[in-house]
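Across the two complexes that follow, subunit A remains constant while its partner is subunit B and subsequently subunit C.
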Partner chain A sequence: MKQFARLAAAAVVASLGAGAAIAEGLYTPNLSYRTGPFAATGIPLMNGQADYMAMLNARDGGIGGAMIDFEECETGYSTEKGVECYEKTKGKAIVTQPWSTGITLQVLPKTNVDEIPILAPGYGFSPMADGKVFQWAFNIPAGYWDAADMIVQYIEGQGSLDGKKIVFLHLDHPFGKEPLPLMESLAEQKGFELVPVPVGLKEMQNQSAQWLQIRRERPDYVVMWGWGAMNAGAITEAVKTKFPMENMLGVWWAGHDADLKIVGEDGKGYKSISWSFPNADAPVMADIKTHVVDAGNSQSNEEEMSGVFYSRGIIISAILGEGIATAQKHFDTAEIDPGQLRWGLENINMTEERISELGLDGMVPPFSTSCSNHTGHSGGWMLEWDGEKFVKVSDLLTANVDNYAELIASSASEYADANAPWPVNEDCEG
Partner chain B sequence: MLYRTAGQFKTSYTADQALFPIRQDAYLLGIILIFAWVVFPLTASEFTFQTLLIPILIYSLAAMGLNILTGYAGQLSLGTAAFMGVGAYACYKMVTIMPWMNPVVAILLSGVFSAGVGVAFGIPSLRIKGFYLAIATLAAQFFLVWLFEKWAWLYNYNASGAIQVPNLKMFGVYIAGPQADSMIQYFVVLGIVTLLTLLCINLTRGNLGRTWKATRDMDIAAELIGINLMKSKLTAFMVSSYVVGVAGALFVFMWRGAAEPNLFDIPLSFRILFIAIIGGLGSIMGNYLGAILIVGLPVMLNTLPQTLGIPISSAMVEHLNIMIIGSLIIFFLIIEPHGLARLWALIREKLIIWPFPY
Partner chain C sequence: MLNDIFVAPFVDMFAAPDFLMQVLWEGLVSGILYALIALGFVLIYRSSRIFNFAQGIMVVFAALTLVGLHAMGVPAWICILLTLGVMFVLAVVIERVVLRPLVGQPDIILFMATIGITLFLIGLGEIIFGGENKVMITEELGIPTGSVLLEPFGGLLILEQKDITAVIVAALLVVGLLIFLNKTRMGRAIRALGDDHQAALSVGISLQTIWVLVWFIAGIIALVTGIAWGARAGVSFALEVIAYKALPVLMLGGLESITGAIIGGLMIGMLEKLFEIYWGQPLLGGNTETWFAFVLALIVLLFRPQGLFGERIIERV
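Take a look at the complex of A and B:
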């Protein structure tokens, strides 16, 4: 008995030691959601992120000689769990990836006190672009206002918008309401009529009322700001009511392959703006295949890996990796701290050369960040569903940021005032 | 042995009706209070404050509010989260309109608004009972959440439709908002929860509590012995909604820091109802036990594999967690359908007569 107790104690001590050993390196936790109502969209994204980091660890031994400890903390997309995860990981984390607008809103004010960069690629709060006010927050490479602007630009390319009618079908939630101020100002400038149609969280799967209204309104276009079950609901409903699919356009989170596969051929023509694109021939995909998939360390599968969301996960991790590498080069140390990573994320210069150096050819548009520009405004491509997969149907579109720079600045300062005292980055010029 | 009551003689009615007729109960509570007020603050990390101590206290308070209505007065309610929302939004409007206001006063006052709303939605209880009343309170749930979304004045016309807690100072220290220290927030929550718990214990022991219990056990009989049912039911709605409203204000101001309308939707109502049911309807202590089981235990289980160094994916832990908590709830309800508080009462009774059970 005594010996058994000693053995058990030894086992516990050993496992504690092992736990500590794993934790070495750069700790970049991800607040994942592989469970809960949004798991279907979360899993490919999480897999893409994790596989890219695993590939770097296996191929290059991490970044700049430091292994990446890419741990997931499961939130199930619940804000409560998200805050729990943030508190749990913030001690040694160099970055936090909150993964939901709700968690981002919650964590945003705290990161300013805890001084940890918050990386929210393509989601979160659009005014986060103002790096002077939101010192610690990044929504690289594009925000929701960029998306709205690019979608309107694309539609305008098909003819003047004057007198046209656009229905803005959105989730009735901070995420869905986010582009409204910009859409309203664009409607005024370009002379189209904007009809916002909210979809409540409880009505996501059954949107017959909303589509009845859309049929009555007879809009020229439907712009969709949807997420999770809402997208599949809207797309099937659009097919059922015979809405011309080529006139329906979504934000990047509404371009999930699985949502379109439900309708298949009938969904042909549906479009979604995106700053990422799945390029199966990119070198990075081959590297992931040899180092991660063939080694049996991936949770993904062939079908998922050819989808838009998996490749977006890769891009997200690549952006973080580039931020880390930039910081390491500048500060000449492998083990960077959160403050140094912030500098790194502020000085990313993703040129075409750098993109192909990283093996990401054609998967992300070039962009660069600065201390005052925390978004990068990369622009994006319009993707179209051809019945089986998404294909690019436009050249690179870039958002007309100057048009709403004032809106960004005023929203950012409004936020800072409401949360006073809110330290801003005084050193940042322009 | 530990609970031997030999030698504790009651010589007056006052002594017999005291809060703690058995001395050991008072000692036990004293120990718990020392832990809550001294030991935890000295030893807890920020993680413990933010994910265990503060939420358990706030959820217990909300469940206590519900318990007064459902457990003591017998009026089933499914609108708890909406009343919490009223408290939270009332508090938000007060501190943004009157920034000079003491935040603790604002939190305590915000309960008044939810009490008013609670009484309004309690009026149907005068005509309908049981499950039908539950449906009527469900109306409150849907209506109020809809109102939080549509009435932009409530969230100061914020583009995102969410409310953000500003940095609030009291006596020169931040007690709410991102700048506030967790320990100070904990003490504020603990102070308010202790105060309201004391109030609730005494209310339920007193005249009002007895009329509530009479209403719960048989309303016709209660009416026949001269209890005014309207007064009894509406005071229950009022006190309950007040406590729930304060819990809602604490929920957003002392813990979450931001809230969107759908936070106050049915899942939160159900969660609080489960805490009250598993803890034990018609008991004060049960709310704390229920909150520890429903709110605290998942957090502790989540950290367990990592502390033990078991390599297991985070999503897997989440799945296991749901299974373990689910089976524990079933287990406790099978061995004691009246909840954890009743379970403790039975254990305590056994301890008192131990080692000579009759």
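Take a look at the complex of A and C:
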């Protein structure tokens, strides 16, 4: 027993020592969710993020000479735990990655006080695009309203939407409700009927009632804002009710290979908009294999690494890496602080050339940010499930941001008024 | 408004009877699975007065063990036997390590212990199997996966073959359990322990054996439930939340009543679907299944605090 106690004590001391050794460098905590009902979608994303940062550390010695201290704090996708993680990590963090719209909304006011950038790639609160109001928040490279607009554009490409009926199947959660204002506005503009159908967190795997409603409504299209176990539940029910899969389209978080593998061939034709795409031949994949996988430092596997979500994790870390590199170059220092990273994230210029330099060929569309544009509005590709994997079925689609710029501005201003006094970036010219 | 509540839903039902049949079928499938989970709770409660918070994670753990073993190349039916073996070992370990040292402690302590078991199984499951969504080995188990299309009243009724299988297997399991509890020596011992702990012990019924047995039966129920739900939308830790749907079933049926669990499950399954489709979606924007069963159970509790089939608790002070 005494020996066991000594061993345990030694293990604790060793782990503390290891933690202290890692703690040097740029601390970029990730509020991850590898457990709980959303773990199935979280794990490949977290693995992609972690592997990219591990690759940069191993290959280049970090970014600009500073090692990346990429630490995960497990939230299980719980908003309460997410806030705890934020509080626990904010002390030395140069960024926070909240990984849920619910957590993002909770920490949004806190980051304004703590002056730490929130990086919420492809999620969070859509009006965060307005960098003048949300000076510390970024949803690069595209927001939910961009996704909704691109999906509607794609559907419109099949024929006029006037008189059509679209069911909006969504998680009954801040994430699921996020695109509703834009969808309602688009329904009015384009003359289609929008039928919102919510799915409760406890009903994600038993959506028979929702799909009975869809059968009764006889919609022309189903647009899905699903996440975690909801996606597999919805796609299984769609197959069961014989809904034409080619008329079912989802947001980028509803395009996970593992969810579609459950229905396999029956899911053929299902589509998902995406600002990322896996490319096994991209140089970054070879580097990750050499420096991380072969070194035994990856938690991923070959099947997962070929999927959409793992590659999206890589892109998310690459966006953060580019923000860090931009800031280091501008401020001529490796050890940047949160304020400097904010500047970096506001000045990303991800051109085709830069994407190629980073070894990310074909994996992300070009985009750029500014102090007033905290999203980048990269656009995306429509992906389709071919029975085994997702393939691109469209050229790059770009959101018609001008159409809802006013909605972004008014929603941002409404948020600022509701949370007054809310500091805005007066120096930002646009 | 009154028309929307009292007239329109019934007009809809008569206008599309095939759709009404579909709603009732979906409710029946959900209901029988709720009843199964509730049975797991009731069996353990009857024999030990423990409200087993771990029933939900046992569903996940059993399903994960099954698909995990199959992924290692073990034939499907051997996986079933091995999973049953794992659930038996789990029952023995829970009895020896958790329950036996807590004999005689207040009920709340035992309840807290089952929360501990839940957290332990979540961690163990994630370490062994990972958190990814896995495909249930439906076809490998010989469960048919097609649909039966019927045309009642000139309409369309879709019956998934795996749902039909789930209903039949669940019904057989319930009947088997009832026979076991009523006609066998061990079954009667479980009931005796539930009826009067002290009296049962005084006539030589072994508490330890019965606890292992009921936890093992709860494990079997968990496996069947895990296969049925997993075949619908994959096997992941999200399955755990399904168990919470059994709580209103227990409130409605009574925590000690096997009949109550069965009838309560079926009632809630069908009524929540009917309410959602004909009242919830048109009048309240949908997603009423999240709360309907709890409200129904609360209304029942107002009039029968012991549930529809529970025993009246009379305590003399």
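Quick notes on this structure:
As a working rule, the second predicted complex is superposed on the first by the 411 of 430 C-alpha atoms of A that agree within 3 Å, B and C clash if a C-alpha of one lies under 4 Å from a C-alpha of the other, contacts with A are read in each partner's own complex, and residues count from 1 in each chain.
By definition in this document, a residue touches a chain if its C-beta (ideal position, glycine included) is under 8 Å from a C-beta of that chain, and two chains touch if they have at least 3 such contacts.
Note that the structure is a prediction, hence the values are computed from the model and not measured.
Once both complexes are superposed on subunit A, the partners subunit B and subunit C clash. Of the two partner chains placed by the overlay, only subunit C lies in contact with A:T236; subunit B stays clear of it.
In the superposed pair of complexes, A:L201 makes contact with subunit B and with subunit C alike. When the two structures are aligned on the shared chain, A:G321 is found in touch with neither subunit B nor subunit C.
Once the two complexes are laid over each other on the shared chain, residue contacts for A:R34 go to subunit B and to subunit C alike. Of the two partner chains, neither subunit B nor subunit C is touched by A:P365. In the overlay built on the shared chain, the residue A:A258 is in contact with subunit C alone; subunit B does not reach it. In the overlay built on the shared chain, the residue A:E84 is in contact with subunit B alone; subunit C does not reach it.
In the superposition on chain A, A:P421 makes contact with subunit B only, while subunit C stays out of contact range. Of the two partner chains, both subunit B and subunit C are touched by A:D172. Clashing C-alpha atoms between subunit C and subunit B appear in just one of the listed stretches 98-106, 260-268 or 278-286, and that stretch is 98-106. Shared contact residues of subunit A with subunit B and subunit C: 34-35, 172, 201. Those residues of subunit A that touch subunit B in the shared complex are 12, 15-19, 22, 32, 34-35, 71-74, 76, 79-80, 83-84, 87-88, 91, 101-102, 105-106, 109-110, 112-113, 125, 172-174, 177-178, 180-181, 201, 411, 415, 418-421.
Listed in rising order, the residues of subunit A touching subunit C in the complex are 34-40, 42-44, 172, 196-206, 208-210, 212-213, 215-216, 228-229, 232-233, 236, 240-242, 258-259, 261-262, 304. Chain contact summary for the complex, subunit C toward subunit A: residues 16, 19, 22-23, 26, 29-30, 122, 126, 130-133, 135, 147, 158, 160, 229, 232-234, 236-242, 244-245, 272-273, 276-277, 281, 285-287, 289-290.
Residues 46-47, 50-51, 55, 149, 156, 159-162, 164, 166-167, 177-179, 256-258, 260, 262-263, 265, 299, 302-303, 306-311, 313-315, 317-319 of subunit B are the ones that touch subunit A when the two sit in their complex.
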